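In this document, chain identifiers A, B and C correspond to the written order of the chains, with residue numbering beginning at 1 in each.
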Amino acid sequence: MSVQTVSSTAVAHALTALRANRPLVHCLTNEVVQEITANVLLAAGASPAMVVAMEEAPVFTAISGALLINTGTPYPERVAVMKACAQAANDHGVPWVLDPVAAGATPWRTQAIRELLALKPTILRGNASEILALAGSGKGGKGVDSTDDSRTALSAAQRLAEETGTVVCVTGPVDYATDGKRTLSIAGGNVMTTLVVGTGCSLSSLCAAFAAVEKDPVNAAISACTLAKYAAGTAAKHAKGPGSFHDEYLDALYLVQPEALTVGDAA
Amino acid sequence: MSVQTVSSTAVAHALTALRANRPLVHCLTNEVVQEITANVLLAAGASPAMVVAMEEAPVFTAISGALLINTGTPYPERVAVMKACAQAANDHGVPWVLDPVAAGATPWRTQAIRELLALKPTILRGNASEILALAGSGKGGKGVDSTDDSRTALSAAQRLAEETGTVVCVTGPVDYATDGKRTLSIAGGNVMTTLVVGTGCSLSSLCAAFAAVEKDPVNAAISACTLAKYAAGTAAKHAKGPGSFHDEYLDALYLVQPEALTVGDAA
Amino acid sequence: MSVQTVSSTAVAHALTALRANRPLVHCLTNEVVQEITANVLLAAGASPAMVVAMEEAPVFTAISGALLINTGTPYPERVAVMKACAQAANDHGVPWVLDPVAAGATPWRTQAIRELLALKPTILRGNASEILALAGSGKGGKGVDSTDDSRTALSAAQRLAEETGTVVCVTGPVDYATDGKRTLSIAGGNVMTTLVVGTGCSLSSLCAAFAAVEKDPVNAAISACTLAKYAAGTAAKHAKGPGSFHDEYLDALYLVQPEALTVGDAA
């Protein structure tokens, strides 16, 4: 299947819409990355809210612009809330994103992620090892880190998208978003993102934010990837290590003008 | 009711006392802002401790200088611990602060916050939408973000303070602290604080730290607001975006000399 | 007992091995410091993963290079997971580190820590007040902060190491690692580390990372201390306060060349 490079105009349009609407993004994410996830959404122009109790979370999903579900540190009670919120999102037409952190790492986790995936997220965003694990191929990552290149997972991503009816976004040196038929890609970014926890997790939250304002989930996902790659590339020019990179990344997300959002062509 | 601008001398005195005493602040806060809350307290001169189990948290409250309760990510087990700690604080004469995050967002949350408020915190610190929701007026915020200006919530804050016997601190472009009769205010700060998660939550932790060393809770609350506005104004001069603002804010909290704590006059 | 200054050559060797192997470090840590712990491990060259559910955590320990257990915010369900993971580590020959945060602060916490210590961690890493509390002496710290100097806890650390068969690492102005017979030490660092939450907790995670690649736990612990002290000393030269120190610390962990790892002689 052919792969098209993302359109800068479409991404600029999506970012403009994001900032104009400031969508409320309900985040059910892991224990490690809650702060950076909130800060990435705020810097980009969205409004994050973490609401976690079964007593209120599904109600909150229904009034949100989008929902993020991230399985970095799942446990049974929180997985139950995730499922209830995914159902609420489906019932109320709220787009939602599943970040299947460390899919394949343990059987219990992989099963929990498969059950969430069966609820048909709007977008599934993962690294190559995670997407390969869910597509039934691959040998699994190293904990939460990918041991595969995103390019090797493209055909698995396309197949998984067709089978599940979910847009699949696989990220790495090149990012892809595909519905199984149409595939958009963006290259660039910087390897320093792998040394700052939460850059991948918060990219999934950006996918949710864009899905709140852009009806086509392939466009929404690749817009998020383009913004993140632009910010990473900009940050890397100013940072001397992962500590300063973290702050430069947030600053770049905040400062970028929509029309400047060009990164590299995909390989 | 008349509103007085805060006295720089009183605030300088309070900050000097804070740094001399380094009070232990027991924090029961939300999942998102624990790190920035601890770092804000450390930078300002207090000693934070997050202790969360029912088996030990009330015991720990009793030996702390002050208690913070923040409802950003409540769930039943944690709310039960919050209530037990609030009771322990009352029993042992430990001042405590309630930050009613997203009051009004869902019925369950609002009810939990009302039950905590019934335990009579020393200080209630919230944004305009939260204070309006608890005062029975207002249309609610957008998730955790305020959609109202602090100035529109002043009379509701004063009424709520009189009704509950709690000092109410409502913050935004202008911050107010009131016991219903006496109201102090401080203006200034910077809008960048709305783009960094936890600046409001950690301001509540500063209210607790000041309440540990300053007997008058109106003075304690407005001292915390003045310190936070000073740090935000200073940080904004050096930061290029929310990433660098976060660090500059912590540095400013640490570097400020008490006698330098003048911000602007309230509008 | 005599105390030897650490060998720079041994530490350089350990850091080279760490970066070459990029060990997977399973972290069961507290709610406050999860992000900085992950970022410290990534910056130093390890691969962190936080996996917390009873259903998968012990399975994950078994495939990890090392395990960290930190009792900053314990509660019964999480303590049960910690015990199961400690047992899994013992069963599979995975080295593990116990960070007994605020040992002595409450009876319930101290008892939970004693039960974990009875499972025989490879390394016990704490501040002076914590080590004194576990050795049955000392008057306890102030919440999570030490009120004692590491030098006053050395003999208690040596006795505790002999009694428990665990290498004890007590840190502060001077850091010591001892098995009760052999004691290595390193001085230096910077007091600014006490104003950034998680520097101690993440030092324990570095002990775990080094234990994954260095068989002798005394060498592993003192290598972690040396790296942390070097990074703190370097960061302090560039930082103006705790906000900028945090980022400089991460940058220094990332940038340091193994052969540059000399700090000061111990007092």
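To be clear about the criterion, a contact is a pair of C-beta atoms (placed from the backbone, for glycine too) under 8 Å apart; a residue touches a chain by one contact, two chains touch by 3 or more.
Because the structure is a prediction, the values reported are computed rather than measured.
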Is the contact between chain A and chain C built from the same residue numbers on each copy (over half shared) or from different ones (under half shared)? different
Note to self: chain A rotates onto chain B (CA fit) by an angle, in degrees and to the nearest 5, of 120
Centroid distance [mean C-alpha coordinates] between chain C and chain A, Å: 33
So which bits of chain B are touching at least two other chains? 31, 35, 246-247
With touch defined as at the start, can you tell me which chain B residues reach chain C in the complex? 22, 24, 26, 31, 34-35, 38-39, 42-43, 47-56, 59-60, 64, 246-255
Flag every residue of chain B that touches chain A in the complex, lowest number first. 30-33, 35-36, 72-76, 102, 105-109, 142-145, 194-198, 239-244, 246-247
